[in-house]
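Shared between the two complexes below is chain A, which pairs with chain B and chain C, respectively.
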Partner chain A sequence: MTRTLALALTLVASPALADVPNALTTHLLPGFHAFSTASTALAASARQDCRAEAVQPAYQAAFDAWMAVGDLRIGPSEQGALSIAFWPDDRGFTGRTLSRMIAASDPAVNDPATFAEVSIAARGFFALDMLLYDPAFAYEPGSYPCTLVQAVAEDLAAQAEALETTWAGKFTEALTNPGAPDNALYLTEEEALRAVYTQLLAGLEMTADSRLGRPMGSFERPRPRLAEAWRSGRSLRNVVLSVEAAQALAHALADWDLPQTDAAVAQVHFAAGNIDDGSFQDVTDAVHRLHLEALQQAVRAVRAALEIEIGERLGIAPGFNSQDGD
Partner chain B sequence: MTTLTRRLGLIALALGPAPALADTDPAAIIATYADIAAAGYADSLTTAQALQQAVAALIAQPSDETLAAARAAWIAARAPYQQTEVFRFGNPIVDDWEGMVNAWPLDEGLIDYVDASYGGPTDANELAALNVIATPQLTIAGIAVDASAITPALIANTLNEADGIETNVARGYHAIEFLLWGQDLNGTGPGAGNRPWTDYARGEACTNDNCDRRADYLQAATDLLVGDLDYMAAQWAPNGEARAAVQADPAAGLVAMLTGMGSLSYGEQAGERMRLGLMLNDPEEEHDCFSDNTHNSHYYDGLGVQNVYLGRYVRADGSVVEGPSLSALVAETDPALDAELRAKLDTTMAALGAIVTAAEGGFAYDMMLETGNARGEALIMGGVNGLIDQTRSIERVVTALGLDGIAFEGSDSLDNPSAVFQ
Partner chain C sequence: MIRRRAFLASLLAAGAAPSLSWADAGSPAYLAAAREGDGGFALFGLDRGGASTFRVPLPARGHAGAGHPTRAEAVAFARRPGAYALVLDCVQGAVLHRLTPPEGRQFNGHGVYAQGGAVLFTAEQASADSAGVVGVWDVEAGYRRIGEFATGGIGPHDLRLMPDARTLVVANGGIATDPTDRTKLNIPQMRPNLSYLDLTGALLDQVELAPDLHRNSIRHLALRDDGLVGFAMQWEGDEGAATPLLGLHRRGASPLLAEAPLGDELLMRGYAGSIAFAGDGAELAISSPRGGRLHRFSDGGDFLGAVPRADVCGLASLDAGYLASDGLGGLIAVTPEGARALARHPVAWDNHIVALAGGTRPF
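Our next item is the complex of A and B:
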């Protein structure tokens, strides 16, 4: 006990042990590179054969790749993530915007620069989720929706490439040179560290509160249609991948062991194993809802473990995050 | 220990705030904060009472003039209220109550007639086109509801957030706004909602049917708003609960102040209200979408953040509430940081002011949201960037005052780590 305390005090005095550059080179930058590669493959797949069943495998692979870095909301991702993954969508903007574009045969699909200006509701993964999986949007090759799928995929690949470039360039500069004369973002190493640490916690909060909390709704009124990417059956997968991404980032950030975090993640896998419907559509059943609740608790325990094993150890509290507010 | 704890120790030793410390005494700073809140909610109440009278006049004698007067009273009531939004985050008493007053966005078809382009019920909200004003006998989530009399109780207990859906906003400023202006059907073109005064006319002159029920709704919603604001003004009065909560522990009070400033600036205003609407290019994604008063709402939200930092609020009648400020405390600890945050708050207010100037010149906020409108995007992003940038300095203040340790102590998982791993 005393030894643990003494060790803890020593570490509190040396916050530089947490390694933001290592997190960049071993987790974040490879993650953005893999996402860019997978998105380029998705665009190629759509170009070659736009039919939904032909595009779906590359879509799933690209979404998997996104999840490794998709919960970040700093630097280029602060705004960039919104047009890649516009969700939640309480007011049904995605369906409405896509329907409007299809009804008008909106020519924006013919020019990438114009398409990059359309509403984020018609861009990125959640536009594709609806176009590729919702029977209401079923289409034939050579139709307008076919061109729309190709345009969304092309635009996604371009966004992924831009994100990778900016993360690897300007933003790596900012994170790894805190206090440099031209660095207005981060004045000290602790600020850069706090920024990354805040993302870890915010991503897990989002998973617990939104990815799980929204479809769970209240006991009396569960909301299966509010699950993330339920059409493509990715709701559970995204929960697990988001937790694994946080775990990987935490290990890249810390050069010490994270036994509580790892145990909590194991518990997430266990709880996920009890869930039958990967798109959470069975949440209307009380027993299934209970399993979701257990998973939500397990995700919150990962967050709590990170607060102890990283935050408390370094003596840092999370900063404000983009999901504060309503 | 933290800087703040040391300071609190010194104050205790001095047996009460010594004159030399008064300007940077946390207890005095929090008193200013509570005074500004009390004055802000009191101003919100009196301007809402003026709105209540204007609404009564509209209903008694419907005309172009009485409708215009009610609209002007609504816009005047928004100015003090928006400056209180900074008290929302960080004060649970306010946050738990706020949804009754300023909930947004809303599916307005719940309340009254809408244009055909609005559509009907949606997957997310079966009641999106319920039209209570036209429907004395309702069915909500399978249960029959007698809405033959539109009363404050019906709105508060049955209609608001009906079926557990947040966008079923039946009360508060935006429900009233819809009843005064109607839908804005101009898209990203010029013009706000254009409800005719005859929507409140009696007998033959009544347009769009059910004028009497519409008037009942407007009156009831306005009465509810006044009651809600009366409640919150009392919470910040000398013996109020919200005041007592922030004064109980000066360090926690400072955390509440900074949490409100940062959360409103970043996640709520810059993110949810401004940038998201811009990226969706949807004219309905503006905060005051019926009246086209969004520029003012954003401006006064930003001003509220600045008020809290500078410890100064200009009341609706022009008088000033001021006292020891957070700014002075920061200046004592780190003068450069205080200068940095003051400058950033000024930059944000200039950017939000530019939006107001453009809107008053005819370039309304919904026009700025148009796809590919570079000038609109630059104006809105000027505000967004200012708000994000000031949040960074607010975080630095939290650290400089040693308050991040306090934020730690407030975390459940750290207070009781074993509870997490059952």
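Our next item is the complex of A and C:
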């Protein structure tokens, strides 16, 4: 009965009203604010006690907060996300850069402005993932790595604050004033909407292809060490949080129900429940690998549901040139 | 070889027959292909303000084109693997000629007029093994195929006429493809190069990149009046390698690779789709539709900054900057001071904008 009523309401609903301003005020801007608050707490924690086990809880909390907005790659996040979450890192830039800085006792750690200029690979969450969790980087209080942890945390807090400020200011301006004379980023409302919508798809694609696909590798050659944040045990958690973030943004963007999307997200939770190792290090086992595959399919199903429930409804097709180069 | 050279010289002497000029087509400065709202395709003439001056329907998706230096006549090339190219009358909108490559050859999307418009050179490859070929067409004889010569590489893409008007520069992308589709066959062995040929096909100069960059396909070219060549590349190796996507070359010197800072380079996603010098020649830019951005560099290879724009690809010179087109229909003027929307058409602009003679710079 309820379902029939809901269906009837959908059918008589006025043309789809997707609402970028609503997505900003109810999901995006609060998300960046929460991330900034959590990063400030992380910096304070590191300042107070730089030992790995003391900093780890605030690191985990800040990473959780980041995941609510971390898959966005538009506006200030296009560039900003890279120095906050430098991953994937196939060439091992992060480990190499950190080792080099430690070996040379790089004085950049003593000045925030100088530290903001170091390689993006040595900044943000993935530097901390290594410094706080990799035994190869174990350190004592008062040592150089201890100061390095404090500098990375401090820099992350500054980045989070800058990101929040630019999102709330200049970029909200660009998204909500398409077609303004000085706005060459978004020429129409549809373009702004499309920009936010495509972030949903891209984030889920990244989760399926990289967060899951990289450690899965091929059946003959799984690559557990390519899992995201496996040292800090966040690989599975990040998959689930990224899907939940996409779901929340989708609901903030659409003023209609998204039953297929919600059902697909429920499947993601179910599939995630079957996975034993939150770091995906058991992917080398065929049975465990199957569970990852099921999770990957569930994530792709969320993407497909969004394409139907939002993309098709708004008539947004994939990019003409980006899909097909030459 | 000598006979062909003599023949080309005689074509030059003959000059172009009187015909409708670009002024009759509304004096466009650019040509650009697009997909229209109804799913059809067309070639447009654009003025420097981004307004359309003419529109000629195309039977299928186009890639790039070439404008005749004097007559209002343009060649529109089909996408790879190209089975045809159309010579269009840009005033009447009529198809003047349909060019078909000889048996065993296919068009690769680019071409260029030379000898004052008496000859058309087309980038082609042998269907069997992707060996690069420049097709030679006698324009005055109604675009008759009169010969061909090797490009000095596999899978050529863009080709241009150097400012001396006697030398061709060809981007041999290095990728062998299946003749029926675009499946890449030789990625582990690919070896792209930049080749300079005279108009009879003699190889004058050839440039290869370092071995660790052999998967960087050299695909598109931009020229400055003093002979500086910019080349844009597409990385066929691992994602996230952040290799340089722009090179600068001057004959007789080593190529210079221009890199953006790591974060910016990663955002290009290993792909540069178009390249152009700024109208004043002081800088140049490459675009990445995959990254939704274009990168500006000085002529010395220094990174000058990024301009974000979704699905951006087409690039041409405009004033002290560039005209950029995108799949959302936007035409954006980019200058060192910033970006400004000129127009938005209800079309999806295709990969390239072709600058016309009498436009920003002749080719």
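Here is the rule we go by: the second predicted complex is superposed on the first by the 301 of 326 C-alpha atoms of A that agree within 3 Å, B and C clash if a C-alpha of one lies under 4 Å from a C-alpha of the other, contacts with A are read in each partner's own complex, and residues count from 1 in each chain.
In this section, a contact is a pair of C-beta atoms (placed from the backbone, for glycine too) under 8 Å apart; a residue touches a chain by one contact, two chains touch by 3 or more.
Quick caveat, the model's predicted, so the values are computed rather than measured.
Engineer: Quick check on the superposition: with chain A as the shared anchor, is it clash or fit for chain B versus chain C?
Structural biologist: clash
Engineer: Applying the document's definition of touch, where does A:217 land relative to chain B and chain C: first, second, both, or neither?
Structural biologist: In the superposition, A:217 contacts chain B only.
Engineer: Give one of first, second, both or neither to describe whether A:311 is in contact with chain B, with chain C, with both, or with none.
Structural biologist: A:311 contacts chain B only, not chain C.
Engineer: Could you tell me if A:185 is touching chain B, chain C, both of them or neither one (first, second, both, neither)?
Structural biologist: Both: A:185 reaches chain B and chain C.
Engineer: Which partner, once the models are overlaid, touches more of chain A's residues, chain C or chain B?
Structural biologist: B
Engineer: Given the touch rule stated above, what does A:104 touch, chain B (first), chain C (second), both, or neither?
Structural biologist: neither
Engineer: Looking at chain B, which part out of 59-67, 77-85 or 149-157 clashes with chain C after superposition?
Structural biologist: The superposed arrangement places chain B into chain C at 77-85.
Engineer: Which parts of chain A are in contact with chain B and also with chain C?
Structural biologist: Residues common to the chain A contacts of chain C and of chain B are 78-79, 82-83, 90-91, 93, 119-121, 184-185, 187, 191, 194, 319-322, 325-326, listed in rising order.
Engineer: Which part of chain B faces chain A closely enough to touch in the complex?
Structural biologist: On the chain B side, the touching residues are 89, 105, 107, 122-124, 141, 163-164, 166-167, 262-269, 271-272, 275-276, 279-282, 371-372, 388-389, 391-392, 394-396, 398-399, 404-405, 407-408, 411-414, 417, 420-421.
Engineer: Which stretch or stretches of chain C touch chain A in the complex?
Structural biologist: Chain C residues touching chain A: 35, 63, 79-80, 109, 157, 219, 234, 238-241, 262-264, 266-267, 271, 273, 289-290, 292-293, 306-313, 326-328, 330, 332, 338-341, 344, 348-351.
Engineer: Which residues of chain A touch chain B in the complex?
Structural biologist: Contacts found on chain A: 78-79, 82-83, 86, 90-93, 114, 117-121, 184-185, 187, 190-191, 194, 217-218, 220-221, 225-226, 260, 263-264, 300-301, 303-305, 307-308, 311-312, 315-317, 319-326.
Engineer: Using the touch rule from the top, collect the residues of chain A that touch chain C in their complex.
Structural biologist: 73-74, 78-79, 82-83, 88-91, 93, 119-121, 179, 181-185, 187-188, 191, 194-195, 198, 319-322, 325-326
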